[in-house]
Amino acid sequence: MLKLIDVTVKYGSSTALHSVNLEVNQGELVVLLGANGAGKSTIFRTISGLLKPVSGQVAFMGQSIGGWSPDRIVKAGIVQCPEGRNLFPEMSVLKNLTLGAYIHRKDKAGIARSLQNIYELFPVLYEKKEQPAGSLSGGQQQMVAIARALMARPKLLLLDEPSVGLAPLIVEQMFKTIEKINRDGTSVLLAEQNAFAALQIARRGYVIENGHLVLEGARETLCDNEEVRRAYIGA
Amino acid sequence: MLRTEKLSKYFGGNQAVNSVDFQINQGEITAIIGPNGAGKTTFFNLISGLHPPTSGKIFFEGEEVTNKRSYEMAKMGIARTFQTTKLFAGATVMENLMIGHRLRTKSGFWGAVIRSQRYRNEERACREKALQVLEFVGASALANRSVASISQEEQKRVAIALALSTDPKIVLLDEPAGGINADETSNLAELITKMKNAGLTICIIEHKMQMIMKLADRIMVLNQGIKIAEGTPDEISRNETVIEAYLGGGAHAQAH
Amino acid sequence: MDLFFQQIVNGLVLGSIYSLVALGITLIYGIMHLPNFAHGHLYMLGAYVTFFLITDYGLSYWPAILFAVAILVVIGMLLERLVFRPLHHAPHINSMIASIGVMLFIEAIARKMWGSDYRRLDSPYDGIIDLFGLNITEQRLLVIVSAVVLMIGLHLFLKRTVIGSTIEAMAQNREGAFLVGINANKVSLMTFAIASGLAAAAASLAAPINLVYPSMGAMVNLKAFVIIVLGGMGSIPGAVIGGYILGLAESISGTYINSEYKDLAAFVLLILILTVRPTGLFAKEAR
Amino acid sequence: MRFVPGSKWVVAALFFVALAIPLLTDNSYYLNMLIMVFIWSIAVSGMNIIAGYAGQLSLAHAGFFGIGAYTLGLLMVKAQMSFLVSLAVSVVLTGMVGAVVGMISLRLKGHYFAIFSLCMGVILSLVIEKWESLTEGVRGLLGIPVPKIGSVEFSTLTSQYYLILFFFVLAMFVNRQIIHSLVGRTFISIRNSEELAESLGIHAMKSKMLAFVYSTVLAGLAGALYAGYLRFLGPEIASIEHAFEMLLYLLVGGIGTLWGPVVGTALVMTLMQWLQSWQDYRMIIFGPILVLIVMFLPHGIMGAFAQLKKNQPSVLPDTTDDKNRGIERGVNDRRLAGGESDA
Amino acid sequence: MRRVWRALFTLSTVVSLLFLAACGNSGGDSNVVTIGWSGPQSGGAALYGKNTLDGMKMAIDDINAAGGIKVGQDQVKLKLVALDDKYLPNETATNARRLKHENGATIIFTPHSGGVFAMQQFNVQENFLIAAYTSEPKVTEAKNPLLVRIPPNYHIYPKPFSEEMMKRFGKKVALVPGTHQYAKDWTALFKQTWMGLGGKIVAENPVDYNKESDFSSAVAKALSAKPDVLFVGGASQPTALIIKDAREQGFKGGVIMMDQAKLEEVEQVLKDPRLLEGVIGVRPASQWPTEGTKKVVDSYKKKFGADKIPTSEVLYHYMAVHLFAKAMELAGTTDDPAAIRAKINDASKQLPSDKIPLSVEGLSEDGALITQPKAITMKDGKYVEIQLSFQ
């Protein structure tokens, strides 16, 4: 479904991604593990068209999307829920969600249905729908961000560290929700440093370090890998 | 040497740092760890004077410095690096480093115009300081390179050199090993040890656990702006709360 | 007391015009972070276009306004496309200078094409209304009412329609806007269109109570900048309220202090407010 | 020296050419143009210090030019003070006003500072225009005597030329000394990152104040020389159009370069003179040229030279850094900013 | 990198092309004498500048069409070189030097006092004649030997204006003049005269006629003092608007108009002559009762449109060019400014009144042309002439 072939990205003269090869198949939930600054967000930003690769290919559903503008990529079906959330802080939750469905803006009935689904998934958002998004707590904002991404009815959802800054209990909930979203048919690429929590719901994963993909494999392979354990727990 | 008392910082309604009591001891390497968004960098920003705390107190060498601005803190001997390597882009490494020692110089406008004796002495002192710290961090060869043209790891070294050129007592390092590879990380760890051996007090934020576990004398763990644990690396790695917070609830069983 | 109320009305007329122009500048600033110094000259163009549509093409007042707005919308979009979009990734100071270039160009073109003469656009609403003992011309009332209608319209557009809210979305979080599939170029094009249209509307409303001449936009432009700094750059309510504050401050200070110093009053007011609130009255809190 | 056309030998050669010019021509039009270029170069180089080096775009400098000019004029006309004393006082007074304005305005950042300073400029020019009892208002200040130093009277164009050349060379010398010194580097460090500079113990406000006051002093000096040369003053000299013009000279020449202000002033002024032949079309041609210049030579002429020489992006300030105000910038701006955290 | 080179190349090409083109213009012809002009062609005063230029252009075209002037044995044609100075004195100084040294102009016109003051610093040294179109008295106080002041002195108006208005409407006047220098000087003199005649000033509210977006609040303030007479002064169109605003706000008294505003232009804006009842002002130059005036007004209308009326700037400049041309003929030289100026007085007496508008009676000692304007007022729907006394 999504394929990155030898993608290299630079910031000025420093290379942020070195020939990255990555693949997400239809219906999969793939996790991208890596420490801070390893290059996870750079991959995501590249897929979403916010950064242009200097070389390599990004393909989605058989089409090369490298060099497409971000809005065109969203229309193609790749929607990102970024790490910084990037909500519209002064707009109400509802407005944020409505804008999430921007590409379907003519489909009023579809939007209403999506909203219904979202409220089932995150009941708290229904209660807070008239509040400005910026006034919500961190966890709720994270929910708005994911919900907003879902409103676009993505084929592939990119989730960049949804657990950042959330209390453990909420993290657990969040992961369950992500699992459910995936079960409902959306392919998910999840970036996490919370390795083991993420590996519980993902079937496959990649490990990135300093802009290189250093490891790739199924859940079991990664869980058992000494490198991964060492990198994340330090023991 | 540096101590905080119930230090808190709120951004709007969010508590970034919540009532943290913390101490950095002379000559030690103290590490601050915690998941992303735990408030580590905010904490650094508070103790380096970049942001004023909402409440609480900061003491440095026994003196209260709570509302001092960052340039005052720097003059007192607190130097820091930033998470994203901040250097003065476009200038050469040497030009960057000379600014680092500016706070120890006195000559101003007129001195510079007439190139007074004192000014020339001070400029020489800045240059010598720059060379000295470059040598210390093992980057002498970079002196005349433009900052934009050197590698990530070299930039990290230069950033540390820049902090050192202020003649600090404490150096606060914010993720010095972010974005560099394993070999480079171990070189960096050596450098940090070297700094400690040279008599500097160091406080470090880092995600690379192996490195921290080896380097640190003491570790504080922050989560959600709250200090959840403090102790030696051994104590920390056995601490249930830490594992819980760091690895996520469900991961607990798997981690063991 | 009559004088006081008379001056309030005059202040509202002035404030309405200022607000409409300032709204355009603040919208563009919110989206592109560009202080568009050429905006006052778009206002001037709007007045000329209306004038010629009425005198040379025999249109009546309202159709002329509509056409003038349409023409200015096109001009605004051309400017965005030809000048400001290519400069979007350059340092901001460059697009600022470019806007000065555009400003010089528009004024020179206007002078070349239409000469420097003062022109007078007659209002079709020349009657005088006696409102609680105040003499107000219909045109003045029309300026106030139309401005309020336009502002409400803009408000509804921005808040109630999905297309309109893309403008606010871009201003509040640019990257977030990209990630929900909003096309940045389309939004900035639309913003320029709206801003130029507002300027044209303001100009065609104001033209009958003043004169039409090539440098008519310069002072309005400067005042509009005072207003958006006053209200907080990029803030829409700030532009509206700031506009009325300035309009009223000018007419009141002109009456009770000295009319010669009232321009000074506007700027001093600004300094005072910024000394107390460095980011203006309605600026968003820095995150 | 890092800047190609500013290399020592070129500068020395140009200096001797400048000295020799009055011997080579008696065309007073050329001399007058050169004098104007010198005067405005001084003022623009002042703007360059605060905008190009310290990174704070000030549009108030036409106002300070006006203060310098009027102080000299008023002291010589109304207090019958000598030229040198008046010159000194006007420079000092401009600096003092600059200090007060700086204290209020330098707390603001980015576009706020730019537009605030624009309003300050408007206020200064309005004060000059409206304070009739002092400045004679719109009528203008008449009868400024011929500048005299000791027994030397600067009544001829040639003598004025040398007088102003002297101050021009002096100002450029001081600029050079400052720019290539710890003080200048301090300014640059603030332009690049106020946060980093402060964490290195640099009192940013103090340095910005120094840069601002010095830059207003240069503007004041230029104004005072202008008054002594033209010997008539109208309030227009402090107008906001002049501030825009100065910014234009600066940007065309190359902001943040030592010689940019001089090159830009000379080039644009000459260009404007040439365009006189087009009369009404002058601004119709000039406006688009300006837009093209910022599109294709965004770093100005000296910036482009520096780029050719160094084969890499030159030191270019973005004086209006939104990050200071917590606003996310556009997609590619991040790439330009060169690096970002991948959190 | 290539982009930068290309840009530098393009820029230098453009600049050198401009240079070549500019050089092409200069190049003297011995049988052509250049008249210089430096004034505003852009900015707020551009219209004023254009009017002065139009007058000069018409005069020069007429003279050249008639074969030029006869200087000594040669038949010489006139050429006008106009440079924009944006109303800025320093630009005037630059332009004057350029006109003198690049174009060989001996006579340089400028329509603003700042420019005149700037040129006075060096015009004797550099040997050219200033044709100053300004009423500023200080221009002539300096006794510059190479200067001719063209427009009439306004000192003669305030007294008869005041007397007439006091008689008809009353002694209370409210002032709403412009903030430009000419308006200020005029107002100062008017105030002195009005009070000297026992009148009272009930309000003084100057506004910037060129920049103001809405005059209504200034007018409202002035009217709130319940004046019998309103004093206004500035360019015609804004002046007309002020009168209109005042009438709309219910003012029925008299209006004294400074001579800068032209009654015929005010009329065009107001449309309804009833609004002009009680207005007093200077008789339009275009209504000067000479054959010459009528002729020039007609040819102006032919050139610019039937509804256009030449302003006094146009007519005075038309007249001035003829005057200087005549003086050159009499002096027998086109490049000796002192000799030309010495013949101005004679020339003014020899100008044919059937061809030249206005009538000039000579040159005063301090270098100002002597003309005799007249005043009119609207009374019961008709213009009535007011006698001006010359002391």
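Letters A, B, C, D and E mark the chains as written, and numbering starts fresh at 1 in each.
The rule is short, and it goes like this: contacts are C-beta pairs under 8 Å (C-beta built on N, C-alpha and C of every residue); 3 or more make two chains touch, one makes a residue touch a chain.
Please read these numbers as outputs of a predicted model, since none were measured by experiment.
Engineer: Along the graph of touching chains, what's the shortest path length in steps from chain C to chain E?
Structural biologist: Step count on the best path from chain C to chain E: 1.
Engineer: Between what two chains do the most C-beta pairs come into contact?
Structural biologist: Looking at every pair of chains, the most contacts join C-D.
Engineer: How big is the gap, in whole Å, between where the Cα atoms of chain C centre and where those of chain D centre?
Structural biologist: The separation of the two C-alpha centroids amounts to 31 Å.
Engineer: What's the distance between the Cα centroids of chain B and chain C, rounded to whole Å?
Structural biologist: Those two chain centres are 49 Å apart.
Engineer: Between chain B and chain D, what distance separates the C-alpha centroids? Give it in angstrom.
Structural biologist: Computed value for the inter-centroid distance: 39 Å.
Engineer: Give the residues of chain A that touch two or more other chains, as numbers and ranges in rising order.
Structural biologist: Within chain A, the residues that touch at least two other chains are 12, 14, 36-39, 50, 70, 86, 161, 164.
Engineer: Which residues does chain B have that touch at least 2 chains other than itself?
Structural biologist: Expected reply: 12, 36, 148-149, 178-179.
Engineer: Note the residues in chain D that touch 2 or more other chains, in rising order.
Structural biologist: Chain D, residues with two or more chain partners: 280, 282-283, 289, 316, 328, 331, 338-343.
Engineer: What does chain A use to touch chain B in their complex?
Structural biologist: My answer: residues 12-14, 35-39, 134-135, 137-138, 161, 163-165, 167-169, 171-172, 175, 193-197, 199-200, 209-212, 223, 229-235.
Engineer: Enumerate the contact residues on chain E facing chain C in the complex.
Structural biologist: Touch list, chain E to chain C: 42-44, 46-47, 49-50, 179, 205-208, 210-218, 220-221, 224, 235-238, 240-241, 248-250, 268-269, 271.
Engineer: Can you check the complex and tell me which residues of chain E touch chain D?
Structural biologist: Residues in contact with chain D: 1, 3-8, 10-11, 14-15, 18-19, 21-22, 25, 41-43, 82-84, 86-90, 93-95, 97-98, 100-102, 113-114, 117-118, 121-122, 125-126, 136, 138, 179-181, 184-185.
Engineer: Which bits of chain B are touching chain A when the two form their complex?
Structural biologist: That would be residues 12-14, 35-38, 148-149, 151-152, 155, 175, 178-182, 207-210, 212-213, 224, 237, 243-251, 254-255 of chain B.
Engineer: Could you list, by residue number, the parts of chain C that touch chain E in their complex?
Structural biologist: 2-3, 6-7, 10-11, 13-14, 17, 107-108, 111, 115-118, 120, 122, 128, 135, 137, 140, 206, 209-211, 213-215, 218-220, 250-251, 254-255, 258-260, 263
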